Each structure stands twice: as structure tokens, then as C-alpha cells.
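Two complexes, one shared chain (chain A), two partners (chain B, chain C).
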Partner chain A sequence: MSDKRYTTVSIPVELAEKIEKRIEGTGFHSISSYVTYVLRQVISSIEEDEKKEVFSKEDEEKVKERLRGLGYLE
Partner chain B sequence: MISPHGGRLVNRVISPDLDDIRELEHVSIPEEMQGDLRNIGIGVFSPLEGFLSYNETESVLKEGRLPNGVAWTIPILLPVEKSTYPDEGSDVVLNETAVMHVEEVFTFDKKEAARSIFGTDSTDHPGVKRFLSLPDTFAGGKIDLLKNEREPFYNFNLEPKETRVLFKERKWRTVAGFQTRNPPHTGHENLQKTVLGLVDGIFINPLIGRKKPGDFTDSVILNSYKVMIDHYLPRDRAVLSILATEMRYAGPKEAVFHAICRKNFGCTHFIVGRDHAGVGNFYHPEAAIEVFDQYPDLGVKIISIRGDFFYCNVCKHLASERTCPHDEKDHINFSGTRIRELLREKKRPPDEIMRSEVFEALLQEEHPFVGE
Partner chain C sequence: MNRLKVFVIGLDCAPPDLVFDEFDLPNIQQLMDCYGELTSTIPAITCPAWMSMVSGKNPGKLGFYGFRNRKGFSYTDMWIANSLAVKEDTLWDIFSREGKDVSIIGVPQTYPPKPVNGIMVTSFLTPDINHQYTYPDALKTEIKDLVGEYILDVEEFRTEDKHKLLSQIYEMTEKRCTVVKHYLKKKWDFFMWVEMGPDRLHHGLWKFFDPTHRKYTESDLQSAIPEYYQYLDNQIGEMLSLVDEDTCVMVVSDHGAKKMEGCINVNDWLIQEGYLHLKEEPTQIVPIKKVQIDWTKTSVWAWGGYYSRIFFNVKGREDAGVLTREEYHDVREEVKKKLESMKDDRGAPLNTKAFRPEDIYTGKYVREAPDLIVYFGDLYWRATESVGHDSIYSFETEIGPDDCVHAQKGIFILKDPEERVSGKKENLNIMDCAPTILDLMGSTKPPGMDGHSLLE
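Then we have the complex of A and B:
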């Protein structure tokens, strides 16, 4: 069995109605699945920005050097 | 740049204290699993940080997602023999290549799992046959990669962090990933050129690893693509690099898995054609396209190519049954079987089917097929 747990968050009814219309005819089966998707996108974007800071200029230069050595970059 | 799957590019390559490693228990795993060890370590399989646990495996099999809801369709498992069961909670060295932090050792119903992954438990299916032949026990837990080996195709073995820098340097905002396990015929070339009209660059990413007897060998695929790109694709808009993992022949589930791997390399788009990752008649030809309807949150856009390509003698160009009104007798088909037969007889296929330079590259190989 999967170990998935859920909790409830509140959003304005007007927003929920907008989402309901937006997901008609898409692969999203509920407002919850759409909201979960949007939040994941936002969080992963923030995490990606954080990660960019971790990948230092020095690391990037090493990668570019290897790519040039292999002929992938001029 | 597109975010890696799950939001973070995994990097579990470490430079350990060798004295510490020597003291750990050493466990042998099949050679063909080396590729997956590395794929976890360098982030091709992000967000996985190791081999799946029982709960993760169950979630992937039943829901096509990890327990946190992130899409994942092929369980990445480490089978272990009875004689080499590692202890739960221990650290072991796998093939001198990685340290595994063993979280649990578990079993599950492999036939039921086969039905979930492959849609069948028939051993006529090569993926099922291979899966059911694995030991019945599996070890789950994170790994740290000790050796980041790039051989046997050193010059064409880029990591996701490298392709991401490469795409950025080339100023590609959109990149289509192209999966292949065959040398290119003109149908492939036509498709790649069509897609290059839609995106900034194409990432040709042949799958290198264990395949079934009769398939083309890894070096044949790579060498023929080198020739094709050199002669017929704009070199500043195409990148060739391998993905080292075995073919599972799991059709739709494997198509999603392939898309996830290419997303981690930095692809914004992924090309899925007829019977992607299929074998025999086990899957509906469009099942691997339709499965993506269940994953609107995947993050990578799918370029779906429906129908079979052929050369039409009346149209005088490449076409498919969706675009050509003429009779079947006017068509020259891109039959992989036919190309294999011609290669065995060293007879050149028509130019409409395969570029002569590409076929010359195939002829250079003494043993072009797996198991021959």
C-alpha cells in the first residue's frame, strides 16, 4: 500500500470555481489535483533557483571545459 | 531551463575515504545494473536517490507515482541473491562502484508487478521474462556513487548537469529529446527535421545497454547516428549523447520513464512515436502516446507522432497513412526486419529508406546484432 497522506487547505470559492472551469476537458480530475500540480511547479521553481546558487561558477566552468574538450562547444 | 523531475537534480557522486570503504561488506550485483547505479548518482533518475523501498515500489506499481505524488512508472529495483542479503541498516559496497545505505530488504508478488509494469505476465514478453527471472528479494535504500565511469562511449556520455550547461550555452530555450534503439532511416531523419522546425535543438539520446537478441548493437547505433548527424543535420542544432540503461520493452510505462529521464537532461519536449518501447503485439500502437493523458503534471511536452512512415512512389516523398492517399502498393515501408535482412546479405537498401553513408557505417561492423 502507498503511504500517501493528505491535508486540507482553504481557497476562496471564486478561485475554486475558476479552477473548476479551467480543468474541464483536461487530464486533471479535481480541483485538488490541479492545485497540487500548481503548487509543485511553484515549489520546484523556487528549489531550482536555490540549486542554481549551489552550482558555482567554478563548477560551470569545469563543465564547459569538458564540453569544449569533447567538441560539443566551440 | 526546465526544472529537473521532482524539482532538484540529484547528485550523489562522492569522493570517500578509501579506508572507510574497505571495511564495508562488498556485494556483487549484475554488471548490467552498473548503468542504473550511475544514473541514480548523476541525476538521470532524479528525484530517485537510490533503489526503491517496498512502499515506493507499491506506489509506483499501483499509482504510477512515488508516494509523494511525483510521476514515476518503472520501479528501479535492486534484486539480491539469498547468499548476499545485506542487513537492513547496514552500508554495503556494490561492485566497487557505489555505497548503498540499505534501508530494507523485501519481497513482493513479481507476477502482479509484471502485469502492472508490462501489462502482461506472459514470458513471451522479453521484459517480463527478464523481470521474472530476477531473484525474489530486493534491497531498497539510497546510494552514493564512488566511481563515475564514462566508458565505453566516453566521448558521447554526457551527464544531466553537462547537457543543461550545453543547452544554455547554445541558447536553446526549447529542446526535444529523441529516444532511439535503432540506426537512423530516412523516416527518423525526416521526423527529426520536422521537429527542428518546432524547437531550438534536438537531443538524440540512443539507449545503450542490454537489449534482446537480434537488436542492433550499441556501437552500430552510435556510429550510424554520428554519420547521419555529420552529413544531414545542422550540427549546431543537434546533440548526440547516450543514455545507459536497459530496454524494458514496457511500452507506455517505459515511454513515461523515458520522458522523465530526458526532462532531467534538460529537454522541454519529448518525441513519442508509434509503439514506443513496445515489443511484438503486446501494446496498442498508440498506447505509449495516450498514457501521457494521465500525467498532465509531467512538465515535459510530448510531441506525439501517430501513424507509420513510408516512402510513397506517387507522392515522391516520405509520408504516413495519415498524410498519403495512395495505395499500399505504391509505398516502400521502413521495416526494421527488412533493413536487418539487407544488412545480413550486405545489400544496400533503396536511398529512399536509408542514406548510403549510414548504411556504409552499418557495414563497417563485424557483428551488428546482439547475440550474433
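Then we have the complex of A and C:
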């Protein structure tokens, strides 16, 4: 993967402290890595909802065609 | 305590007898510190089996019973279960939340890819290679640099040109193994790879391999299945040389494989028994979706595939329901009994099993399950849903040759460097894999899993 670039965002100190406690003893080594992970999840679930419509008729037809070939659909 | 790592190797459709005993697979077999037959989901099909394995939950909690599922109680509409249908946590969701690094390659039902704390390469239900089949996006370029055009699945699976099919399977597996070996060298805590090659190989070539197959054909392809497994074993050997000594290695399959005896034309049978009525009698073989069903007279109809799903036309549930709730119960018992007493084309008992969803599933989606799930001849027979056949038995699928069906039991193999589990295990269920893996990695089992950890 290409070198990642980073930027800084501000969050309330109180929230940062909460996160700090939450990630104690987990694999997250910093507040930033936790926040990045959570935000990716949130964005992805929004995108997922959008994708439901984006999973076009044509895409679905391709998948159905494959399933037909594999014997799961007639 | 060291953070233990787990590497899961999934071989779609790999049957216990061949992997444990019959084939000479030194790399896989040296992992058999703990092993046993792994009972799959009902139905024993790629979808929902793999998702049951990685979520530890039964299809009644997952909400899908096959690749295609009925939309509500519609007569015609269906939806295809892709990753968006998976609402329950999978192992990689749990590990990602814990900040553990995951690498997921080829697991069915992962398209469209979801973000993980690591990487994901989706599987054969991706529309095509031009779609985003990786997370993160940049991985696609890396894979292209590594293997050129990646292969999600073999094309023309139903071809009569078996040598071509075989070379496609090898090409696909070789590329995926290259990708797996590349990412095994990177940072990960949980690595899972599923290879579809064995499934494609069994369906395409079983009749050359199994002398008891009805269509057994002597050919130079007889050794194709064992040779492919030996090839896979060599690949796995190379992979094992890339993982640390403190890695638990698991080899699993979603179901087994056995010879196909034939097809039961289930809707023709329902017509013959007076449950299904068409507006016009078909003069040739026609897909059920192309015929006009008289819903005012029809009480039962079915979907086909490696297993059959039977639906009842119930008042207040289906648009033109004919059966009252009480009748539904009685007619369903009657159909179940008739199905289970069916004979094969030679007059021998077929040993069909018809499952009521409430007996085999739990969870909030049980009411959406098919009314009966049927294994014709205990899965030795497929179900055909088209109508207009001369008989209720067929020996050709309409889409081309297929030699193999699924078996309820797949494989489970585990080598734990800390030797927390060992020996041959009985009664292993596919849903036991997720809680076992969580335990092996020192993670807590979330509530709601149906399986049990082998470490308990």
C-alpha cells in the first residue's frame, strides 16, 4: 500500500479521555487509531446504505448468472 | 501471554474421508492434532454455511437460507444474499474492534467488501473483476502487480471440456495462493483464506473419480481430484513455512461432497400429488417462473437446487393464500410424510429428509424461512424446479453436467501450538468454529453465539 498521509482533527478532551479508558488493554495503541477505525465503520455503513441502491440490476444479473451456472438457480 | 495468531484455511466442499485418510496430504495431515467431522448448516451450502462458521450463529439469526431468498412472502421476488445481508458480527468485525489485524481472502459472501482493521479480498459472488473486490481499494493494484488478472471464479463451469475446466481451476487457485503467501508475510493476527477450487473440481469431475457414480467414466481425469489436493497440500506447506510457530492453524470446510444420483423434479411431483396447479399444461420443460401458476388452487410450490425449499400458500400470508393456519399445519405434515416416503427410480427408499424450520433454527428470522427444507435422498439427489418433465426423476441438470452434490459433514482440523485441544472430536458443529477461534486468540465470546468453544 502507498505511504499514508495524516492530518489532525480536534475532538473534546472529555471524549478523548473516554476513548483512552476504552482502549486500555486492547490492540488500539492510540486514540487516533481508535477514532480512525470507528469513523471508517460509520462511513462504511452510510456507504453501504447508499450501495444498496448502487448494487445495480446489472450487477445483480451478473451474480444471478453465476449462481445459475453453479446450479443454485434455474 | 503472547498474542496468539490464528490462520484459517477454508477448503470449500472438502470431505472428511478424502482429506483425513484416503489422500496423501502430509502438510495438512500433520496439522491433525485435533480433528473431526464438522456438521454443516442446514442447508449444507456455501451460503449460509461460511457465515454461520464465522459468526457462530444459525441461519435463523442470520436471516438467509441460501444464495437466493424469498422477498417477504412474495410468489416471485427474491433477493441475493451478499455481505450487506450479514448484520451479525463476524470474527473480523470482532477482531477489528479489538484492534487486531485481520487478513480475509476469498471468503464467500464478503462482497461488497466492508472495512476491516487490515485487508479483505472478496470472493466469487463479486459481479466481476472490474468491481471493487478489495479493502482497501489500493489492494486491487497490488494484487494486479502480483498475479496480473486475478480470478474470482472459473468461467464456464458447466463445460464438457473438462481439461479446460481443470486448467482454469489450477490457474485460479495458483493466483489466489500467490496472493495468500504475499499477505501472510505482512502483519496480521487473524488470517482466513477460502479456496473455491475443491468445490468446482468436485462438481466438474466427480464422475471420473468415483467408480460407484452412475455416470462413472474411465478417463485420464481419474487422478485429477487427488492430484489437485496434492497440489493444494504443497501450497499449504509453503504457507506454513511463512507463519510463526505460535500460530494456531485450522483447516475447515463448509460441507462435504458425494456423488450425485440424479434430480427430483419437485414441482412436477407437486403437480402429480395435486398440490400445484398450472393454468396451462406445459408441452416441454419450462422454468417454473415462465409458467402461469393458478394460485387460487395451488397450496404448495418449490424451489430447486442442491436442496429444495418448499413453500405453502397460506391465507393472510401469501397474496392469494388458500390454506388456513390449521390446514397449513396439516398439509405440511402430509407433504413432509409423502416426501420422506418417496422411492427412487429403481423403487428403493430414497431416504429423503424434510426439515421444519422451527425444529432446526432459532432466532428472529425463523418466520422468514422456507416452510420445509428438503434433502432429497439425503442430498444425493438434486431438486429441479422446472416443470414438464416426463418423469419425476431426471439425470441431467438443465444447465449442463454436474457430478457431485454436497454432504452434511465437512472437515475440521486444528493445530494449537499451546496444545489446549487435541484428539479426535465427535459432534463438531460449524458454529463452534467462531467461539473456538475467539478463545484461541484470547478474545471474549459475545452473547448470542450458538456454537461452543472447544476450549470450554
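Here is the rule we go by: the second predicted complex is superposed on the first by the 57 of 74 C-alpha atoms of A that agree within 3 Å, B and C clash if a C-alpha of one lies under 4 Å from a C-alpha of the other, contacts with A are read in each partner's own complex, and residues count from 1 in each chain.
We take it that a contact is a pair of C-beta atoms (placed from the backbone, for glycine too) under 8 Å apart; a residue touches a chain by one contact, two chains touch by 3 or more.
Note that the structure is a prediction, hence the values are computed from the model and not measured.
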Taking the superposition on A as described, I'd like to know which of chain B and chain C A:60 touches: first, second, both or neither. both
After the superposition on A, what does A:37 contact: first (chain B), second (chain C), both or neither? both
Tell me which partner A:26 touches in the superposition: chain B (first), chain C (second), both or neither. both
Could you look at A:12 and tell me whether it touches chain B, chain C, both or neither (first, second, both, neither)? neither
From the superposed pair, tell me which chain A residues show up as contacts to chain B and also as contacts to chain C. 1-2, 26-28, 33, 37, 40-41, 43-44, 48, 51, 55, 59-60, 63-64, 66-67, 70-73
Contact residues on chain A for chain C in the complex? 1-2, 23, 26-29, 33-34, 37, 40-41, 43-44, 48, 51-52, 55, 58-60, 62-64, 66-74
Which of the residues in chain A end up touching chain B in this complex? 1-4, 26-28, 33, 36-37, 40-41, 43-45, 47-48, 51, 55, 59-60, 63-64, 66-67, 70-73
Could you please specify the touching residues of chain C with respect to chain A in the complex? 45, 66-68, 80, 82, 84, 96-101, 112, 114-115, 117, 124-125, 127-128, 131, 136, 138-139, 142, 153, 156-158, 189, 203, 287-288, 304-306, 382, 384-386, 397-399, 402
Would you tell me which residues of chain B are touching chain A in their complex? 1, 3-4, 6-9, 55, 58-59, 62-63, 67-70, 155, 158, 161-162, 165-166, 169-170, 239, 293-297, 299
